[in-house]
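One chain, chain A, links the two complexes that follow: it is found with chain B in the first and with chain C in the second.
Up next is the complex of A and B:
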């Protein structure tokens, strides 16, 4: 981190600039690489913790936890657009989405300024939600969705590990697979979609359907070296729902699909496929991958429904208890 | 929702009248008619229309009760969870009432150039008044690069609808500065313990460190309902206590600093940890009616509220923050729960007017001491006393 101009609005580190810690591969405890995937069947998603209404001073909020991923969503609004001469007339509500990683949410510290990947996540989240909200019911107003990611699963310590070869450190970092960072973002996006629609429901904003996020990855067997350059047709494809970032032993990820899915309407509001998938066999592989992601989204939809139901129950109970005791309507 | 005595006499056990100060009924009808009943509201509406009076009427009850049901000296229950984040070196989640903060401590390595003077980093730079400090730190010309401990507060997380999104506003900047100042004043971290040495030279006490651990302390407010300072500071202290940095050492062969993931570099904190307690002072006007609404009558007394929520913060005319610590000697370790543990005040910061009396300030320091003991106890219950010196 070279010393750029300091951020006037924040406290800054010493002007020398600091570097993230660099590990020697010989010193890393073996526990840092966890084969989490093995214990879970490929068609099962991880446990999801979803709770709404934890932030009292905003219209709607939710907190989601899937293994290491922890994020909090706040929905502000619908509230009137600022009255300035430049504000255009809006017949439909204006939706804004912001996604921000906490500085301590990833292996390498992120700054406070939004970087390109955060902006990208924000726009994808916008795409997946905007069609589901009945925006025409809220004219001249805006709805803000703010996602704060507190913890996430990403590249892991590989990024800042120097591998020792014959007593001499090799300074080129070696990655096991290149698409790792993108895949990590995909998993985060799926979580953001699910949590954001829970928060929108908590805010009481009318929607056509709840949007749930789903991820799937297709894996192939990994070959040693470059001997078998041609990717044979006989390779067995393994489709995994809600994949962990580290691929299981001996497998190599080919492509990942992330989507936002409205289960009741059977509509996909956002589709993001990354990686390479051949078209030699037609689009069958692609379809299979998307189907798996839809299945993952259906599973997380179950959690979403429960969270929404829980909240409605809570509000109904509260309303009933206050009408019984709180008779403060008064005259004089 | 019981026991809220407003302007007039209760007509029923839970029916109260709030009368706008209008001795003559606002009616255009000729004199002699039966006056119209005064304007009445439900309590929740009253709270929105006249928040000052609403709070005062609550506090004039016997015993004084705040709108949230607490006694004036009572603070909200707080919960602490440490090390729940996977990437931070140390972390703490603190929740007091509806205020929730997450603090992450993360170490990065500062490598010293050959000509650097390490003593610059090993001392806290005192800036006695905040005016001087703000000039030096954020002013137009001054160097605004900081020290090894970098504390920042982020509020643009949708934590409250009152706080706008975007770059940090006045409140976030002021809080970051306040927390930084608290860390400097209390000398929370032993800065020389952050030095990174060449292990072959370590036995020589005169040798200079090759680099330092620079601690980034980021506090994210997830939910904001008043008294962020207490929660943020507590989270910072707990996260620092729980932090485990990897062992770092200078490698002569590679001429750079490497870390060893299998052992830890201890962060040495002060022996007795300091905690801050904030109070809000709200005025009580004896006058009634419109005078009270405008608060233009004489402020006859004021009431000190411990751990104010955001509603009370808005009504406060003065705030008082007390930094205090539990003094603990070696022999005390067994009796850590003893209520008679001695506490020491390290800093008092008061802003606002002149209504607070001396006796009230002394009373506040006692309340702060009680809360400090509680903070200390919860922190110890988490089993985090391992790295204190």
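Up next is the complex of A and C:
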């Protein structure tokens, strides 16, 4: 997969990418350059903007923004299976999920073809949603969930960057921190899950429960030099819900947990833990991490509920106002 | 008027207090909403006589914005015994293939493919039926779904008086009106063609 033929069908941008404008820090008000993490307590998730019904040509759609993350979800179907489908009779709806980063969505420009991280996110999204949909109500049909990520903190899949494709690494990959890319993808996945649930609800597809995504990261104090040997009780664990990609000053991320959570049923539909946890009391730490992610998912569920209702409420209000005007016309 | 909306997963009441309608499911002996929408409870007939034998039916209904939206549904699928309108797309000696575009008086988002097999065309004298004298490509047919069929086709039947061709064009392309249960006449040329005609209402 590493040496992939370059995409010749489209008019591609310069392979080395383009440089974003760099502004002098002094020209910005000091409040805007404050580290984002510091302005928010660790048990609070970032503000979520979520709205449904933006794309009129599909059954259901939603748009989500969490700080730098922007993504839109379209739900198509239930529609008949294609005539060439190799599946025999399908008593339950077939769910397909697709996650695609826009070429400009990461800090490193992405290709148009789906790469491994996009496929991975797609299958994780499938896993988190498939159990929540009442698929038995839609036999012989398929439901498609298409996620387009417009902006993210993701820094691209190194294997698939343009540099690697052409076989000449233009720069030395600098060591940032372990699991940084996964943490960015985790935040993306949690956003995908929440937004996809909103889009499914907007489509009017029956579900057992809405699935909301949650992320949490556990951090430790960073020691100068060789701090590894001191791992033990002295290290204080800091659990952060909905982490920003940059760890707070002097902290080192250990592990990240992403999950899809059905709050009304108290069920986890998808669990993704990455990183390293202490070997001494790893189970307790793991549970704490998962609990924090569940708490984050519960917080986003509140937003999800309101977003799912918002458009329906608009329709109800509209219907009531039109009937009221009709009444006055009749009496007048 | 205050209307409260529910979201999927929201409990609506104990399962014994209601009869589940559409848009709800039962989990842990609770009626749970499966759609975003308004809760509609319809008291059942015998419930008015202060008997607890027939609890009210509870459903969740998704409101629609326009009448056009009400007449169409993109989440609607044909089911066994639903009445459909379809357009005949191609015919052969064994079956007529049709594209279903209306299910139970509602327009579907995507057309579904169905077949009317020769033995399902009419109720009597099944072995004398010929597809070529029953349907032509382009005919609009009212039919009933008899089976979800195989991977690609719904199986349809027109074996009833009120089922069959409701709109058709003659070979010369002008519209026809039914003159009896198996013939239609061209408006312009007066030519008579054979069809399995649906009984007009």
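Just so we're on the same page, the second predicted complex is superposed on the first by the 256 of 332 C-alpha atoms of A that agree within 3 Å, B and C clash if a C-alpha of one lies under 4 Å from a C-alpha of the other, contacts with A are read in each partner's own complex, and residues count from 1 in each chain.
In this text, a residue touches a chain if its C-beta (ideal position, glycine included) is under 8 Å from a C-beta of that chain, and two chains touch if they have at least 3 such contacts.
Quick caveat: nothing in here was measured; it's all calculated off a predicted structure.
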First, second, both or neither for A:264, with chain B first and chain C second: second
First, second, both or neither for A:151, with chain B first and chain C second: first
First (chain B), second (chain C), both or neither touched by A:59: both
Which of chain B and chain C A:139 touches, first, second, both or neither: second
Chain B versus chain C as contact partner of A:186, first or second or both or neither: neither
Which superposed partner A:318 touches (first chain B, second chain C, both, neither): second
First (chain B), second (chain C), both or neither touched by A:105: first
Per-residue contact with chain A, leading partner among chain C and chain B: B
Common ground on chain A, meaning residues reached by chain C in one complex and by chain B in the other: 59, 79
Residue ranges of chain A in contact with chain B within the complex: 3, 6, 8-24, 27-29, 32, 54-59, 61, 68, 70, 72-76, 79, 98, 100, 102-107, 109, 112, 144, 146, 148, 150-153, 157, 162, 169, 325-332
Sites on chain C touched by chain A in the complex: 1, 3, 5, 7-11, 23, 25, 27, 32, 34-38, 62-65, 73-75, 77, 109-113, 148, 150-152, 154
Chain B residues touching chain A - in the complex, by the definition given at the top: 1, 8, 11-12, 14-17, 19, 37-38, 40-44, 84-88, 91, 98, 100, 102, 104-113, 116, 121, 137-138, 143-148, 150-152, 154, 156-162, 165, 167-168, 172-173, 176-177, 180, 214, 216, 218, 220, 222-225, 245-246, 248, 254, 256-262, 310
Interface residues, chain A side, partner chain C - complex: 59, 77-81, 83, 85, 87-90, 132, 134, 138-141, 201-210, 262-265, 305, 308-309, 312-313, 315-316, 318-320
